[in-house]
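One chain, chain A, links the two complexes that follow: it is found with chain B in the first and with chain C in the second.
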Partner chain A sequence: MNGSPVLFALDALTGALFLLTALGVVATRQVLASLQLFILQSVLLAFSAVLLGIAQGSIHLFAVAAITLATKTLLIPWLLRHTVSAEVYRTREIERVLNIPSSLLISAVLIVLAYVVANPLLSTVAVPFVQVNLPLGIAAMFLGAFTIAVRREAVPQLLGLLAVENGVFFAGVAIVPNLSVIAELAAAVDVPVITLVIGMLTRRIHARLGTTAVGQLASLREQ
Partner chain B sequence: MIERIVYNIIQVAVVVAFAPLVEGVTSRLKEILQSKRGPSIFQPYRDIWKLLHKDEIVSEESSWIFRAAPYVAFAAPVFVALLIPVLTRYPLFFAFMGDMLGGGFVLALGGFFTSLAAVDTANPYGPMGASRTRMVGFLAEPVFIVVFLTVSFVAGSTIPYIVQTRWVTPIANFFEPSHILLLIAFLMLILAEDGRIPVDSPSGQFELAMIERSKSLEYSGRGAALMKWAGAMKFFVLICIFLNVLVTPWGLAQGMGFGEVLLAIPLVLLKVFCFVLVLVYIESSLAKLRLFRITEFLGAAFVISVVAVITQLSEI
Partner chain C sequence: MELAGILIVPLLASGFALLPVGRRFAAPVTLVASAIVLGLAIAVAAEAARTGQVAASGEWLTCDGLGALVLLLVAFVGFTAALFSWGYIAESVKHGRRKNIQLYYSLYNLFVLSMLSVPLLANVALMWIAVELTTLLSAFLVGFEDTPEALEAAWKYVILTTLGAVLALLGFLILYWGSRVAGLEPFTWVGLVEAAPRMPPALLWTAFLFILVGFGTKVGLVPMHTWLPDAHSQAPAPICALLSGVETTTVLYVILRLFPVVGGAPGLDARPWFIGFGLLSVAVATLLFIHVRDFKRMFAFSTVEHMGIILVAAGLGGADAHLGAAYQMAGHAIAKSFCFFAAGVTVLGVGTQEITAVRGLVRSSPLAAIALLVGSFAIAGAPPFAVFVSEFVILKAGLASGHYVVVALLAVLVVIAFCAVMLHVNRMVFGVPAVPEQEIRAVTVTLSCKVTLALAAIPLVIIGIYVPAPLYDLLKAAASAMGG
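What follows is the complex of A and B.
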């Protein structure tokens, strides 16, 4: 079809690394490391959008890549670094519900599940890039959601949310090359706002309780 | 026919002769990266030479296993070097004897005897290192199995000479996600199997923290020399499997000419040097993991290899 096999292979490689970074966001111990992995994941998303833009000759996808780079690799990390106190990033051991090997194994199951879910959809489309982007995007969505479930710290949970968003766009850029620019524009406004709100909230929680481990905030406290 | 036998012997000679050099270069580069001068790159040769000329002391309590283990450990990588592509793209005379799985089993046999010998002398540190090695081993085993399953599934064969050409014909295959993921998983395996930094510290002198090294503490003289040499050769053979079979066959001799095979020696050493640079970078930028975190490291390797299988299965 459209696009050379090398472009397709590069896109597949980007997808694989994209998935690896999603796994990293699930499994890393340090808050700072998961933030850096999220930045890397966004760069890979932008790269995939550029590849698809070249292959399908769509100027919209280049715009998607530019917006992704501007918001997710520069604006959001900057916001997170400045609204949340530096103490949170110094934490080495993030509290988590499951230990790392079992959460990695569950992640593997989730990836298989993503392929199972994507399979009936794949038979209806003929674009080769969708074969790569759709299942991997869904897998990244699942892993992001799983990150939110398994982490007990506010900032890594936010990163899980952002990883879900990345997964949606990773699948989206392959399916509809024209719509995604509108959606990405909307998200470019939305997501920093969410980041800012959660960042401020985290700051308040931290100032009040001295911790951001939201797992401990299960019960009410008498003043 | 006769030249295939000669090339095969040259191949084994290259592994035997250059393995200590690779180890020397690795430790020298690591010292340089830490702003130290470090020992000469020929230091492992001197160590082996010195040890070969020293008396050997064997505990009275030990059995024949202790005496036989250095020879088995030395012979295993030499035997594997007969099977795998070190210098050539085409199978040599003895390559029919085993495929990748066969090579893996022979390497494992060497490791098995080393562990038995460590238990044999009843030195408190030996069995500890042996049991830890087994722990790392059984965690690494599923990754090995999945990696080899994927590789042989992709290439349709378990013969390393068929596998290696699959990655570069056409060149787009090189960028296949499953290929890159397999490389990452196998690199993590090499780090674990050879006792490199995130898993074990190769230059550590503290017996309680040792995994790989404490198994040969009891050896002296010729036994120690053979164990040291065997360790270097096992490392070299693993690198050769990684670089020549799993990464690309670039730099290997394609024709039957004698000059071409000789030219392959420096090219392969250059490839190994590039790998050592990456290895030294990894070793210098990471800290050694606590023992129970090794499960996380190898669990990550396992998940990566499983993802490689999935991406491979879904694309076809």
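What follows is the complex of A and C.
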């Protein structure tokens, strides 16, 4: 019922690569490279969903995989290209809040923290896939949130947000393999809408202010 | 049938506002739609007050006392803000494009729709989506004025509250996981309360913390509140009324829903977390009041304060404290939306949000001055108003249950907040202008803004003095849904 050791080993490998892409999104400087890493991460999420679908015989997980591929590897890059101007798209981020070595050091702490958070939950279930997906999903969430905190450019902040969402779904495919079809469809709509709204906001900020370094916008604060 | 109607009417109005014929009629159609929704919501609330439960359209839509209270508040502020928008938006977009106005009303209806669906959707996963949509649909309304500040506020608002919602999503997935372990099929609030004792406590507790922090961001709990004063001060006044008056309440409603779920599990106690987050929010908001320079920002901090008070009341536990919490939710939504209408009239008149730039308002615009004064008294908790009564009920319930330290801290903070708000407003209304010969602009207030202020003042004044029996029953039903 819980699948063969081969599937489990493949899922563990996918999980490791998934975490690496999350680290890549933290560390990379090129806006375009962040996007490519995000696409790769989404492919790995879909692959994990397929593996779990085979192992648990759940048709819902194949649907999740298909939706993930359609929205996150095709629709989102297309939406970004059409809402955000090419200039933003090719930006190389010079300034960041923290340098890359310190960021990676903090990332390591966050990964340990994710295991601390997940640990009490792991003892309650016997499904082996949860042992891989839950802590790694939470780790990817934390890394995505950290990405938002250290980035100053609009598009990398958005990609950090989407990486958090990927982390939630990476954990989600293992812990709730049979969430209803409605919720899947809604999730499929949610992510593109986030991208569309934030992408259009980025365009307006670029048009109005001539920059997308949203981290430097600081006219609103307590005196 | 009413419940489905409440969701369909704003959807139709939103579509209509985008049509080419909607150009001139977007505002009146929105007003009519929100009036119909308010009528339906009153019917639903009356029903819920009588029976405790209105089930409609089978398993998808449902509404109990607490849901009906939130529904009624959203519908009420949705209606008054629509009326206020008519004059305000036309005035503030005078030179802008008409297209913008159509987009404004279309998004306005969708935003209100998303808030209305939060208390109505029976399935908790769908409810999460509704909460997420409240952010995404209001992002452009927050940045509507297109100033650098408004866009900055909109950016912070979307990024931080969406991040919070995604954190909460993991919480809901873990909650679903726990409910499956406990053998629960439909993922509803009623089912969760019932299944809670059988859930593994570790799952329930982790889910609770993720949802509290995630949705707490959207409620504006300290320390996740940083986006709130920006968004709630830069959006157009009617949108501020919705954001501050009811959007925060709608999300707080979800957190309050968790209270009986967590309370049902053996060995778990959410109360210290509610009281801790609540008191911290009240304390930080109170300190920020003293130095605030922008009067819309001041009302935004007041929202952080009130969300904290309601959370403390829920955490104190017991039927009386929960009744106080429900009453405070109602009093806050009505008074805060009124405050933002008053602030909107003032901004249109004086053209600034700086507290120091507004002096002697009572001479230049008596209407704005009186509205600002009445609204501030109501929100700060002066005696004849509802907020005073609810705070009194909460403090009394806290004393009765032996939470002396919490009550003492809360009482001191509330008094400081009251003094700070009234000091600022007093200077704005009665102060002497820095440059006496400065020409006093004759402030023209559009008819729709005047009517809104008059209409919104009716419940503002009444519910502090006299709570009609059906409303009292509704508050009781809401309190019992919180597990009081």
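Keep this in mind: the second predicted complex is superposed on the first by the 212 of 223 C-alpha atoms of A that agree within 3 Å, B and C clash if a C-alpha of one lies under 4 Å from a C-alpha of the other, contacts with A are read in each partner's own complex, and residues count from 1 in each chain.
To be clear about the criterion, a contact is a pair of C-beta atoms (placed from the backbone, for glycine too) under 8 Å apart; a residue touches a chain by one contact, two chains touch by 3 or more.
Keep in mind that what you see is a predicted model, and the values were worked out from it rather than measured.
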Clash or fit, chain B versus chain C on superposed chain A: fit
Partner, of chain C and chain B, that touches more residues belonging to chain A: C
Vertex chain A angle, Cα centres of chain C and chain B, expressed to the nearest 10 degrees: 150
Partner chain in contact with A:A63 - chain B first, chain C second, else both or neither: neither
Contacts of A:V6 with chain B and chain C, given as first, second, both or neither: first
First (chain B), second (chain C), both or neither touched by A:A108: first
A:V127 touches, of chain B and chain C: first, second, both or neither? neither
Partner chain(s) touched by A:P135 [first = chain B, second = chain C, both, neither]: first
Contacts of A:A27 with chain B and chain C, given as first, second, both or neither: first
Chain B and chain C, minimum CA distance [Å, superposed model]: 19
Common ground on chain A, meaning residues reached by chain C in one complex and by chain B in the other: none
Contact footprint of chain A on chain B as seen in their complex: 170-178, 180-181, 184, 295-296, 299-300, 302-304, 306-308, 310-311, 314-315
Contact set on chain A toward chain B in their complex: 5-6, 8-10, 12-13, 15-17, 19-20, 23, 27, 100-101, 104-105, 107-108, 111-112, 115, 119, 131-132, 135
Interface residues, chain C side, partner chain A - complex: 123, 125-126, 129, 132-133, 136, 139-140, 143, 146, 148-149, 151-156, 158-159, 162-163, 166-167, 169-170, 173-174, 176-177, 180-181, 200, 202-203, 206, 229-230, 233-234, 288, 291-293
Touching residues on chain A, where the partner in the complex is chain C: 117, 120-121, 123-125, 137-138, 141, 145, 148, 154, 157-158, 161, 164-165, 168, 171-172, 175-176, 178-180, 182-183, 186, 190, 193-194, 197-198, 200-201, 204-205, 208-209, 214, 217-220, 222-223
